[in-house]
């Protein structure tokens, strides 16, 4: 068995004065797609921010590729090959599409070239001079994902990429994630859309009140449906 | 209509041109202030003192080292910018998580210290600094005598303003800056060294003030108080243009120079207050400023 | 809503003691230090306390409070010198003028927030300065000189420093107590609610803008009271008091002492005025020292002197 | 009450020391109150303290039975700070005379307090004619200059030389206005006319617009009714815009040698101005100025010189009257004419106005200047009687006092 690419142990996190993560423990193995499921406010987004080092304060252990990152600056974590696609996509209004795309610096070889990205998302090519936030929600999401693919990072943290998007776009994102998985990317996904999560992920961690309370492999999902509904309060 | 007011069109032309020259200083200074505010969210109250420092450094380079105007035009802003960077590292960087108010108060204090120190060492009556030989004399434009140096001031300020605008709006570095202005945390999470960018931006904004100071040295008196009252005016320019808006700062800088110039003809006593009247009106009607983004 | 109406909070014992000690000290002070200097400190203490009402308790940073302070000093000086009013009436006139001015400017300024609010107040203050420079009655940069000290109520001569001192003590100490009352009244509680969470206060049904305007006017009026009193003490009104650097100075006093505290502004004013007075021989060093205080205050003692002490005592001061 | 006790205690000590004081030593405390950090810091400031100290030494106070102490403070050009210090000096520190006090607003406030407290105000730095007219005080001695004398000197001389049409660049505040008014009156009295006036905000940095208006007016002379940095900037820019080359002359109505020094002869050459004193006038001024420069580091201004001479004359009067009571000392000062090394022969008029010669200077061309401070050519001497305004009756204190 290979070592996990991302290994989180006893992760505590604070957002300002409020303590939001209370000892998260989980691992993500190379090439896996793993989701964090949970109710609103359970600490899923905070977990991603804590992994990137941009939550207010964090303690515990976050090992990436075997390296302890808990004391590292966010920019060094990013340089190590972790990339975040933030909640609400984080497209910059004062930058046009291409500038948004080119913003994150390359951190490793093997990122997608800009030509390849425009091949994949022809809409972006068409609108490359428009302000980033003038795109539709779906296009913005594509842009947000494309932007981190350029950097060469192989481990992606995606925060609710399907939020507020039309079903056909959601499907497209699902296909994109599958394609990335096939290319060997490791993805940690935060999702509210449980059906979407089920369609792309290998395993699911259930998060509640800032800690992981269960892990359900995707293959056992059907058997655990009731339990999961109870967790999520659906 | 102008004849009615006893002002000939020629005189008016001259006054407008002079307004533009004054506007050049406002534009360069408010540009620096806007750049700093955009990224640091700090109102740099020491901007006037740093402008004064630019003029003084040019004078010191000439007096103690024998370095003339042209090298000073590059060197003095670099020196002033470097001092700014030290200030940013030692003090300002500790305030970014706090209210705007603290940055304003700190830089206000720094301005007092700088002005006080220069006053102690160089007195108040000012130091002479001559117009470089290459730019002495002037052109007779028919409606007025335009000193070459003033023409140069306009050209230099337009070049610097356009260059800065281009750098911020059209280059990759500028894209980093704009992105960091919007969401520094995310930009940091992409692997960009935001603190260093902030430091350099402050240095750059301050260097712009220093540059304006060198430009001013040959025509205004080089004295420790030269920036003390100017800061309030430049401040108003930035607010009218829209806090943090680069284009707003530049356009408003020139525009208010022109308006002030007109006021000097029709109601000279009010020329120092007209900017505040405009600021009050603008803030009442369009609080985000003429070029500001609504947020 | 109606049943949760905030109540007037009584004065805690600690504050009573501090006020009592302060008053006792102030009664002895003129026999120990120079009374005119002590009066100046008291005027600025009241000014800073008035400013603090707006900034510390209302959460509004005005960068133009010199307009009310200086404006009132001109009106009071004019009233005493030209109209021949008795000191208390002259001060009252000045205070009223400041209140009216504060109401007018405030009703425009409170529509804006944060730094824009500060800028609007600065803009209007610059216009007041311009007016003071241009208007006939203000005497330009000479100011209004030789204002008579007059007779209190037309009876008691204030020519003597000690008599004047106790008059000024009564006015300023009274003003500060009134400010204390305002802060701890239901009105003050609403202000606090607005400062902490404006949208919530709106949702609770408070007419936030009316409260803001009220606190602005009150703050201007008390600043005016301080300025008017100062004009009687120094027998002059001058441009210094309406200049923007005076607006900066009162921010410094409040910040140094501790904004949002009761006693902070008083301490801040005392420290700054003493510095200016005792360092007067050091020339330009005064500005440098003030600058250093600003810088250190912002970097190390953001809570101000009294704020830090209150932190040690774990009591609001 | 405590204060009374304290006074009682002092009285006791004094009783105890009477035998030692039999020689009639008089304690004199002089307070030099001026601007030490603002615009007037160079032309008055520490230099005035140095000059005052020199006066005490030169007078040989100890030999005259005087025990003189000098203190000083910065009034920051703020009337309230100035009057606070002045009151405190008289009330607490026992100061007998306040010296210098530039900035008219502060000077007027201090003059009023001085009269109330029975001190002496030896004005050297402030230029307002109000000091000896509208707001005259029996205890004011206005030594060096006033705006009227400057106006008479520069305005009179230049108009008679052919500068008939005047345009004024006036700092928009009371001092500027009075300087303009005084000069305009002189210009008109000498057959000239005022073709225009522009009032600029105070302080201002850019004068090009106003200069252009002045240029367009067709005036012969542009009168600068402003001071300090404003004047310096206006002259600097006038040279830049070729105003003087185009045939108009500049007249600085209030300018000190330190300002000219700041401008440099290159820029200031040909400028006309009036002063009461210049270091390079004669052997006595040169000798004194050299001593001054040795302690202070630069040449004295007329304000420094005034502080020196006023102190000398004051100490003489104290030694003679054997008192420090303001009104008596001032009366003695008014009674005796003086022949001063720096100001020549003169006297203190009944209203406190000191009458001495004024001089019209022209700034040398850089080629003629033999040193950093070699700046003036003397063009004319204006006798004191011509330079200063006549006395107004209300201020004739010798008569009024009876």
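Which chain is which? They are A, B, C and D, in the order written, and residues in each are numbered from 1.
In this text, a contact is a pair of C-beta atoms (placed from the backbone, for glycine too) under 8 Å apart; a residue touches a chain by one contact, two chains touch by 3 or more.
Note that this is a predicted model, so its numbers are computed, not measured.
Undergrad: Among the other chains, which touch chain B and chain D together?
TA: Correct list: C.
Undergrad: Averaging each chain's C-alpha atoms to get its centre, pick out the one most distant from chain D.
TA: Ranked by distance of C-alpha centres from chain D, the top chain is A.
Undergrad: Would you identify the chain whose C-alpha centroid lies closest to the centroid of all protein C-alpha atoms displayed?
TA: Measuring from the global C-alpha mean, the nearest chain centre belongs to B.
Undergrad: What is the distance in Å between the mean C-alpha positions of chain B and chain C?
TA: Computed from C-alpha means, the inter-chain centre distance equals 33 Å.
Undergrad: With chain centres defined as C-alpha means, what is the inter-centre distance between chain C and chain D in Å?
TA: Here the centre of chain D sits 37 Å away from the centre of chain C.
Undergrad: Could you tell me the distance, in whole angstrom, between the mean C-alpha positions of chain A and chain D?
TA: About 77 Å separates the centre of chain A from that of chain D.
Undergrad: Take the average of all CA coordinates in chain A, do the same for chain C, and state the distance between these two points in whole angstrom.
TA: Each chain's C-alpha centroid was found; their separation is 54 Å.
Undergrad: Would you please write down the residue numbers of chain A that are in contact with two or more other chains?
TA: none
Undergrad: In chain D, which residues are in touch with two or more of the other chains?
TA: In chain D, residues 37, 41, 172 touch at least two other chains, as defined above.
Undergrad: Two-or-more-chain contact residues of chain C, please, as numbers and ranges.
TA: 134, 283-284, 286-287
Undergrad: Mind giving me all the chain pairs that touch?
TA: Taking the chains two at a time, the touching pairs are A-B, B-C, B-D, C-D.
Undergrad: Considering the complex alone, what residue numbers of chain B touch chain A?
TA: 172, 175-176, 178-179, 181-183, 185-194, 293
Undergrad: Under the touch definition given earlier, write down the residues of chain B that touch chain C in their complex.
TA: 43, 91, 94-95, 98, 100-102, 105-106, 108-117, 119-120, 232, 235-236, 239, 243, 269-270, 272-273, 276-277, 279-280, 283-284, 287
Undergrad: Can you list the residues on chain D that touch chain B in the complex?
TA: Touching chain B from chain D are residues 37-43, 172, 198-201, 203-206, 208-210, 212-213, 215-216, 228-229, 232-233, 236-237, 240-242, 246, 258-259, 261-264, 266-267.
Undergrad: Quick check on the complex: what are the chain D residues that touch chain C?
TA: 1-3, 36-37, 41, 45-46, 71-76, 78-81, 83-85, 87-88, 91-92, 104-105, 108-109, 112, 128, 130, 135, 172-175, 177, 202
Undergrad: Touching residues of chain C toward chain B in the complex: what are they?
TA: The touching residues are 61, 108, 111-112, 114-116, 119-120, 122-124, 126-127, 129-130, 134, 244, 248, 251-252, 255, 283-288, 290-295, 297-299, 302.
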